[in-house]
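Below: one structure, written as structure tokens.
Just so it is clear, A, B, C and D label the chains in written order, and each chain counts residues from 1 on its own.
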Amino acid sequence: MPETLIKVDLKQSPYENEKVHNRWHPDIPMACWVNPGDDFVIETYDWTGGYIKNNDCADDVRDVDLTTVHFLSGPVGVKGAEPGDLLVVDLLDIGAKSDSLWGFNGFFSKKNGGGFLTEHFPHAQKTIWDFHGLYTTSRHVPNVKFAGLIHPGLIGCLPDRKMLEIWNRREVDFIATQPDRVPPLANPPFAKTAHAGAARGDLKAKIAAEGARTVPPREHGGNCDIKDLSRGSKIYFPVYVDGAGLSVGDLHFSQGDGEITFCGAIEMAGWVHMKVDLIKDGMAKYGIKNPIFRPSPITPTYNDYLIFEGISVDEYGKQYYLDVHVAYRQACLNAIEYLTKFGYSRAQAYAILGTAPVQGHISGVVDIPNACATLWLPTQIFDFDIRPGASGPVRAVTPGIEVPLSPDL
Amino acid sequence: MPETLIKVDLKQSPYENEKVHNRWHPDIPMACWVNPGDDFVIETYDWTGGYIKNNDCADDVRDVDLTTVHFLSGPVGVKGAEPGDLLVVDLLDIGAKSDSLWGFNGFFSKKNGGGFLTEHFPHAQKTIWDFHGLYTTSRHVPNVKFAGLIHPGLIGCLPDRKMLEIWNRREVDFIATQPDRVPPLANPPFAKTAHAGAARGDLKAKIAAEGARTVPPREHGGNCDIKDLSRGSKIYFPVYVDGAGLSVGDLHFSQGDGEITFCGAIEMAGWVHMKVDLIKDGMAKYGIKNPIFRPSPITPTYNDYLIFEGISVDEYGKQYYLDVHVAYRQACLNAIEYLTKFGYSRAQAYAILGTAPVQGHISGVVDIPNACATLWLPTQIFDFDIRPGASGPVRAVTPGIEVPLSPDL
Amino acid sequence: MPETLIKVDLKQSPYENEKVHNRWHPDIPMACWVNPGDDFVIETYDWTGGYIKNNDCADDVRDVDLTTVHFLSGPVGVKGAEPGDLLVVDLLDIGAKSDSLWGFNGFFSKKNGGGFLTEHFPHAQKTIWDFHGLYTTSRHVPNVKFAGLIHPGLIGCLPDRKMLEIWNRREVDFIATQPDRVPPLANPPFAKTAHAGAARGDLKAKIAAEGARTVPPREHGGNCDIKDLSRGSKIYFPVYVDGAGLSVGDLHFSQGDGEITFCGAIEMAGWVHMKVDLIKDGMAKYGIKNPIFRPSPITPTYNDYLIFEGISVDEYGKQYYLDVHVAYRQACLNAIEYLTKFGYSRAQAYAILGTAPVQGHISGVVDIPNACATLWLPTQIFDFDIRPGASGPVRAVTPGIEVPLSPDL
Amino acid sequence: MPETLIKVDLKQSPYENEKVHNRWHPDIPMACWVNPGDDFVIETYDWTGGYIKNNDCADDVRDVDLTTVHFLSGPVGVKGAEPGDLLVVDLLDIGAKSDSLWGFNGFFSKKNGGGFLTEHFPHAQKTIWDFHGLYTTSRHVPNVKFAGLIHPGLIGCLPDRKMLEIWNRREVDFIATQPDRVPPLANPPFAKTAHAGAARGDLKAKIAAEGARTVPPREHGGNCDIKDLSRGSKIYFPVYVDGAGLSVGDLHFSQGDGEITFCGAIEMAGWVHMKVDLIKDGMAKYGIKNPIFRPSPITPTYNDYLIFEGISVDEYGKQYYLDVHVAYRQACLNAIEYLTKFGYSRAQAYAILGTAPVQGHISGVVDIPNACATLWLPTQIFDFDIRPGASGPVRAVTPGIEVPLSPDL
């Protein structure tokens, strides 16, 4: 039975757990060490460290302090790993904590992070999803059930000092181009809420002052939120520091491509069973800058889709140049509009797109001026027929169910 | 046996074929009429109308006049179709013309259209792909073979006058924001090379003057270049004019998500066997603005992928805000770099990404400031093992094969 | 464009076509020769040589002379092929003849061949299936439509003399164990209706007298009726004679595992585009006795099934010992019974199991005394929901449609 | 968190656990009761109740007393279930016991049960498989690794008295036709080793005397050993007694179609998380005699196969009439022979066919006198290329590894 190297107690603050951290910095002390070839288990908090509760009120989503996230478990030191190596990680299995068989999806208030469709969903909202073995359902989103495509939203190795400096300079300079923007263009280091793992004293202060925030995906991987980097997959991570320093967190029971609701996927506390190995000097051998991976042979096999197209003209008629972001937003809005015809509220439809194994494809990206993106909605997750027909849509969705909403204070 | 309603002769100029046109305009005369429930065959030119030849020289790709494209077959009038209906199109089958069992993929010169990676591939290049039943191979790209995911790059119904005016105003205004850009931001109406089908005299002149160019995808579908809108799929198109006016062209034997090389996919002349039907008032019933579709049950089943990540920091280190276009470009560049380690030239690698059934996913699009896009490269299309291993890549690609290149004059 | 090496004219008797034969014998003259690496097209009759007609009467199924079948196109000689080699055949594509876009499925009379469920369907019946591009439907079996899994029912190389003698002795001896059985245990050589290709005079007489019948699958492959040996697959055939002598026929637009109706699949005339190559001495190198193959990447992706179990106790309560044949028959009878609850006649249900891409699995074969077989019925081929529910089955099948039946005379 | 209604302690004899039984009989007391709509967890022993150990010696496989098997957990009573209903069981998840992350596969001695290929493997042999999250590997079978298709080999409801009598009479009469056969034709009731759950005294004696053995699959399902009845699937079971009485056991981490090694699959102790519901009077409504089920959306997606054909002529040249059992045996022998060319021992190859997600199809079953069966070997489970090539097989299998064998005493 594999050893659990890092444990988390959901009743304890993550700040009290020395094997947890919430910033990226080369000097974060290794939480534990393993050998190449070892397999082991790492437990993790949900990304907010337990702030969001299993209830029917979205106040917590509205009020969460986003400078505290994401709480990661690690770093795990791998003996013999050196800069330039590839760290090969097998995600052997992932699951929810057995005392926490539920997850949450939320829309942030536009004033506190926002999201992909924040103009359309400006207020904090929350849905709770219960896990039934391989499946999930929500008391806030009726008539839909699907198998989980369980994955970590966030996983990667520690940056070295040079990489950290590139990140901080790049993002701080970027913020400076629109310093008053809400939400901001990026998140700079922020010492007050930093958690530096086992670091103490001056070292802790240094990490807090310099540590890169965990929000964006970067060269090392990090918060990629790739739904297909799921249990069963094999990942090749760039190594920047001796020992690699692998950290993981932000587990998702399921997510649609884009994680469009931002708070985001079906977020859960859980555990990751993984195995590590090394390809010495693999970055140069294979020309690797960002992680690459092979997907799992165990993924939901839904294959009947209704596919929505979107182009890079926004909902107000404004033209953008080959902008896939805008195109995908239109595809999402089209799907939401469609689902309302069957009785879903717009918030329920948005929650489905954020949580179900929806695919988002970059379909055409050269036909000036319009990019074309497609959103693939699996039809087999609904307990009624959502396909178009000559007689028009049937309002099959159970009425009277709402997605909790908490207006800004 | 279904009737062939529109025939094309590849030895004849498309301008001489009255059932072909290359602009969108409500007044293009219907090329033929069918009833709901009918199935029939439409032949098409390749998108350039036969300009690109099956040879080992890229001069034609360099010199092609892009104001002439795309040559579409149609419009097919559907009796009883009215504005607001959905035209249901079953793509029953699609194939290459039996006297033309090959296709081309090209990179345009940066001075003549460019492409997704035009900074890296500034010159005209061309690869020829031969069709062997369900499969294709190229004499310019060794060690790769795949089954076709055959689809029309371009299909849709005629716009009405109001829609046409929106398009023209939107795009002309957009060009005006950077009028001297190369390549331009968009393509305005251009009378000289317009082909208005069977229209003559004043009507022809009017269509030529006002007709929207066929380059971008728009509300009606059009040049979506969605690889999964393939033979066997079922599409629901908005109808804007009486009779719908369905046109199709730009057939692809195969394409990767994004059609990143622009000239683009494996382009071919061929035929489409389709069936049409109507959902009366379907646009309102289902809240449809852009087409939606269901994919085919007959698609290549490659499911072992090597997946490359990209983030919205460009290859020069510049930061972009949640820009999926930039992120996907990085994923593509990462894949190209990787493939060169096995012996492919960069041009060969680029051609593979443009033509093979590569997936491009919008993986994360909310983690400021970085979007994360993934490129899924099917490993099963190569005749050697492209997966990473401890011993490093083997240079298995047949050496000495070049992608023809024609420098700008 | 690949050359058509063997053509068939559906208006001409197959006996008049010298490149067609209906027996296996080493001395059948090669119909044509190719080189390893060549690809080419072979046209074929339907297995009965055009006897079954596209009409609504089953008299032809009742009256067909089964000593005439199967009409095969070939043999194709492959230069350099020697006994002990493996002939590698790529089925590049397969299709129906363009002047014959339909196929038939039938149940033979118990007095003329019978079938898997002949006790339950003792009379000749027939269904006609029309091809709509990739799809098929039948005017005799409503509410069902599916994509074709097109394959040759019969393909293989000529036996050598030794192999032929083994076959004839084995089967003639077997018949002798129950000489009066109806239907017989096997079919011995039968000179009267033999077609020996281009052979003439004594040679023809010898082939007619000795030639093995084409009915059963044997060591060389032959009439395997494997639905997954479909277009796009790659097969490795044992070679017994110089030149290999590859013949093919009995094309099926689609078939369920077992080809349970015997006449059988959706039978059609058509063409095969194939490529041949050699693995010298491959039989010994790989220990090959029967053909092996790799399936196609282009197959229908239906993956939601209703699975019926059967055990080796027959419908009269009789116990059999690990008899998969009996178990599969029970699974089939269970599925037929189930489908009648939605309004299908038993004959329609039987026709669906014989023609649709139904899977038949040998699920358990060691738990004495009962074998367990499973029949997998794809739910996505029906235009209504066939899954069980609390409210019971809805009789959604269009009433009033019959499967033509012709009683024995 | 779902309640665990039945617990097993692997250190305790299953005979001491009142919620376990090893015979089928209507009077076995319900171990617990649930309501329709409930979900809950049931733990189970491995089928031998812990007799087979995780070591490198096959003595236990040789010596196991097969009259003791299978140890099932249950029966679970479902309130409101009545004869004629369908019990709908959702297999929400299944796993190994966390203190027992391994399983075994064995070949029984011909004198103690035998197996599908017992003539070729007459002695007891055993392989141990370790579980690594979703995957398994064996120290006795190198170079192969696959994801589990986890399922219960045995699940079903209690028979009523009438059904029990049919079973006993049918099988006892069958044994009487060859009473001295080794192995026997079937297994009659056997009181000495019966475990009647919580029954005591006369009731226990009655159950022991009359209880049907658990070996074969029967009308109620039972020991079907269907690999696709896996976690995530939904099953509809016939109900014969008030309360239904659902029992489950014989969990498999993975199995090939046929479970050909008999001891059999990768056998493990574990737990089943399931949900139950009812379709009242469902047997008549849907014409159900045997269970039916829908497969899981979470199954290994291996889809590149090497397919071996077999016909109903046995390895000694003897002809059988449409005997799928014989045909499948030939396909298996062909696959074993093939695998030895890469360096596997015959026992290792046999173990792979028994444990990996191999498919066994009933391909053709009407072409007298030969049935054709196919064995589908997934190529993606090997860490080397097992496909045929011009240069012949490479002996890639790690040499020097043996499958433990214990000769008969």
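Everything below uses one rule, namely that contacts are C-beta pairs under 8 Å (C-beta built on N, C-alpha and C of every residue); 3 or more make two chains touch, one makes a residue touch a chain.
Every value quoted in this text rests on a predicted model; they were computed, and no experiment measured them.
Judged by shared residue numbers over all numbers used at their interface, subunit B and subunit C contact each other through mostly the same positions, with over half in common.
Interface comparison, A-C versus A-D: the pair with the greater number of contacting C-beta pairs is A-D.
Note: the chain lying farthest from subunit D is B, by mean C-alpha position.
The distance from the centre of subunit A to the centre of subunit C, with each centre set as the mean of the Cα atoms, comes to 51 Å. Note: centroid distance subunit A to subunit D, computed from Cα atoms, is 39 Å. Under the contact definition stated at the top, the residues of subunit B that touch 2 or more other chains are 301, 304, 380. Taken chain by chain, the contacts link every pair, so each chain touches all the others.
Within the complex formed with subunit C, the subunit D residues making contact are 86, 88, 115-116, 166, 170-171, 173-174, 183-187, 215-219, 221, 223-229, 236, 257-262, 264, 279-280, 282, 285-295, 304-311, 313, 317, 319, 321-325, 328, 330-331, 334, 337-338, 340-341, 359-374, 376, 387-390, 392-393.
Remark: subunit D residues 301, 303-304, 380, 385 touch subunit B in the complex.
Subunit C makes touch with subunit B in their complex at residues 1, 39, 90-93, 98-99, 101, 132-135, 147, 231-232, 273, 275, 296-302, 380.
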